[in-house]
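Both complexes below contain chain A, partnered by chain B and then by chain C.
Entry: the complex of A and B
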């Protein structure tokens, strides 16, 4: 009975979701002004956006020179940059976070700097990176690095610091080497917190890459949005916005299932 | 005397190339060298008889040595060689901002001007002027579209790291406008603009300097009575629409775009302030040109060639179609035609016909650089003393451009500097020989 109730509950949720979508689209379409003399007035409606979306999705991999590539290629560039910057950030943040979590005095020494650096918008670093790294694409990756670093670092440090003293005491009693202690005790115990940090930061990284690419130009979804904005081609801009949202959800879901795997019961 | 002889040498070289399109460059080069030497000898001695007599006395090598001491033979040879010298770097990246000012730089790719001069160039769109400066400084682009004040500012290290730049050619002259929001249709002159919020594309732009000039001549202090913001051109239309700003002095197509969108009207074309004022330019890092002289020369020729082609009014529609696609300007062809042909609706219900609304002329007068420097000094962008002439000579390659224009068969101005005529303002003539007096002649100034 409970199961049945749960299923109908879920069906209800899906149905209301769909109804909400239908209402939103209808309101959107109805408030769209009809084109005057073939020229669109105001915000384009969902039908126009869908037509444009179909056009983009049906030919995602075309390449008409360096400034005009298909949406699939642009997404590829963005995700590529994201992965490089994000992986580097995860590595640095987890290493540093474990050290901070294990050593309260080290944590106290470093904490003021982290507090100052953390609230800085990752995009504010862009001019400095361009000046020092002298490469626009790597600068964008560094922006991703900065945007992903802090949530992972804070969560790792928090997770490691919160490990039950008993676990650490037992591992000390068993005279485990520090490598074993790290791999068998510390990381697994802190894993849920670390994955939570990873999940938060993949979201902020994806937000930052679009903004960074609007600045550097050239390739990526951000550049695509900017280029279409140049032409005030709002159908493409809306399509790209929805697409980035969709990719963000997929990335988040990936980490969501990873979190489920790594959660443990005490 | 040397000029016609060198042209003889060039013609012969041209004939050689036709016979032997991919021919051994070495032998062509030595042939040109020989021809240049012969021509110069011929010029010095007049008749062959006197030359032989002279050669008998001093010997051939001696004769050459003596000649070299009085005539810059090596330089003449290099000049004659420039067309056939091997290109050091064939694949190049050239940066641009998607505005009609960059027309020659952009169209040279789809219309084959780079190819014609032996280069394989890809033009890369950049999102803003600071970005295009950094891409160029970092070497991600080999050469670049810039605003005419930028190579001066960058060479001086003002608002940038100090990196020596050269500016071989101006791209467009005229081609800017003051656009105001529809609610300001009653505005007649600068005085009515007190309290306005304006946009310009960059601090170091003719847009900024012409807007300041226009306002100040009308008694409005651009630093106190109005607000001038730096905003990327595509955002200007959106800002105008949102009512965040009252107007802007911007490059096209974003003036015409405001009319197209029904958000604003064209108050004044910049050519009605200074007819023939420079706007955008083609520029490169000096060390790029030093390291790749032949590549630079070929690029220089391709750009001057394209600029001259764009100068012809009859070519403008064809050009509008070539640069409209998403890979380049990403604008409606109709809109670009309005800008390039000068037949356009002004947003007040009139259709204007101004063929030189935008024009293309590569010659980088030193006096243009000097005017720009006076305005940078006037508004406090330059704090230190400047040697106006020296900087102008170092950055604006007037004599180089003259040579290239002539070699392509175009007429070029004989002087590196000229007295520019203004149609708006108190001082109608700008004398490049008295820049400091010019600055002092302004009532509103920061220096």
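Entry: the complex of A and C
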């Protein structure tokens, strides 16, 4: 009975979602004016955006010079930068976070600096990165690095500091080497908290990369949005906005399933 | 010289108001090789703290632990603990939990030998078929079987049992106690156990150490339990000597509770909680 109820609940939710989508699209279409003599006025409607989307998705990898590349290539640039900055941040933040979590005095010593650095918008670092690194793409990666660092660091330190005394007692009794202690006890024990941090920061990193690419220009989804805005191609802008949302969901879902694997019941 | 010597060990905690609270003072207990000694006392007398000090998981405020002629103050594979709350690593399977301990204790063994050894201990506690389950999927009794297998598999010099049956339901408890007796008979480990349960103490021990109530608890006396082994629960509970020992211990524990000043019932509270409570009243 419960299962049946759950299925019909889910069906209801899906139907409601679809109905909402239909209403939104209808309102959007009705409130936008159709192009007059091929020239659009106001916002483009959903039909125009869908047509543009189809056009871009069916040929994602074309490359006609610096200002005209397929959406697949732009996305590739963005995800590439994301991966480099994010992976570096995850590595640094997890290492540092484990140290902070294991040493309360180290944590207290570093905490004031973390508190000051954390609320800084990752984009605010951009001029300093551009000045020191002198490479716009690498500066964007550093912006990703800064945006991802704090959530992972805070969550790792929190997770490691909260490891149950029992687990550490077991590792002490068994005289585990520090490598085994780290891999067999500390990291798995703190894994749920660490993955939560990874999940938060992949979201904020994806938000930051679009903004960073608007600033640095050249390549990437952010640059694409800005460039299409300069070309007054609002259909492309709207399509790209929706696309970034979609990519964000996929990234989040990836970490969602990772969290499921690494969570343990006591 | 005894195998395990607890020499004049005291433990104090610092209270929030900066005063030291002495949990127990000057405990001296000598345990012979292959002897099974149990400590009984009210909550708050610091018996689990003493066990942790022997294990090297906590430090003594004064005194020393001497094991096999050497002073020891850090944890090591020569002393394994079976914990009240099992303390299995929940992200590992039964097999992995025991395997981790075996690899740590015998790093020189090859994969094959370690595997067979782990499997033998899993079979010994009747968990074959559940090797790949995680602790969360097991009952309390089964979890403590894993705890026992892990502790015995390391082949420690001393086995420390910290109220190992307290969180197991009454029906299973007897079976696990028998399991412990069987394994202990086979290995002849030196055992120090801590418990609330007087009958359990009499059934398992060679000697029972009685602690007065904390704070400032001390070791009042030790009672010899000289029933022949292997012991059968149903038989020894019939003996007049059993009734005498049981009565003696229960009387002792009752007197301890009576000695305590009114409004200061430590029973059911641990030492730290009592300390905080006292501090709050001052």
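The rule we apply is simple: the second predicted complex is superposed on the first by the 263 of 266 C-alpha atoms of A that agree within 3 Å, B and C clash if a C-alpha of one lies under 4 Å from a C-alpha of the other, contacts with A are read in each partner's own complex, and residues count from 1 in each chain.
Simple rule for what comes next: a residue touches a chain if its C-beta (ideal position, glycine included) is under 8 Å from a C-beta of that chain, and two chains touch if they have at least 3 such contacts.
This structure is a prediction, so every number in the text was calculated from the model and none was measured.
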Query raised in the report: Will chain C clash with chain B on chain A after the two structures are superposed, or do they fit?
Result: fit
Query - Partner chain in contact with A:59 - chain B first, chain C second, else both or neither - result: neither
Query raised in the report: First (chain B), second (chain C), both or neither: which does A:170 touch?
Result: second
Query - Touching partner for A:136 - first (chain B), second (chain C), both, neither - result: first
Query raised in the report: Once the shared chain is lined up, is A:184 touching chain B (first), chain C (second), both, or neither of them?
Result: second
Query - Partner chain in contact with A:68 - chain B first, chain C second, else both or neither - result: first
Query raised in the report: Where does A:216 make contact in the superposed view: on chain B (first), on chain C (second), on both, or on neither?
Result: first
Requested in this report: May I ask you to name which of chain B and chain C touches more residues of chain A?
Outcome: B
Query raised in the report: Can you give the closest approach of chain B to chain C, taken over C-alpha atoms and in whole Å, for the superposition?
Result: 50
Report summary line: Within the complex, chain C is touched by chain A residues 166-167, 169-170, 172-176, 180, 184-185, 188-189, 191, 262, 264-266
**Report entry** List of chain C residues in touch with chain A within their complex
**Finding:** 55-57, 75-77, 79-81, 83, 85, 87, 89-92, 100-101, 104-105, 134, 136, 154
Report task. Provide the residue numbers of chain A that touch chain B in the complex, in ascending order. Result -> 64-68, 127, 130-131, 134-136, 214-218, 223, 226-233
Requested in this report: Please give the residue numbers of chain B that touch chain A in the complex, ascending.
Outcome: 98, 122-128, 130-131, 134-135, 137-140, 161, 234, 237-238, 257, 261, 325-332
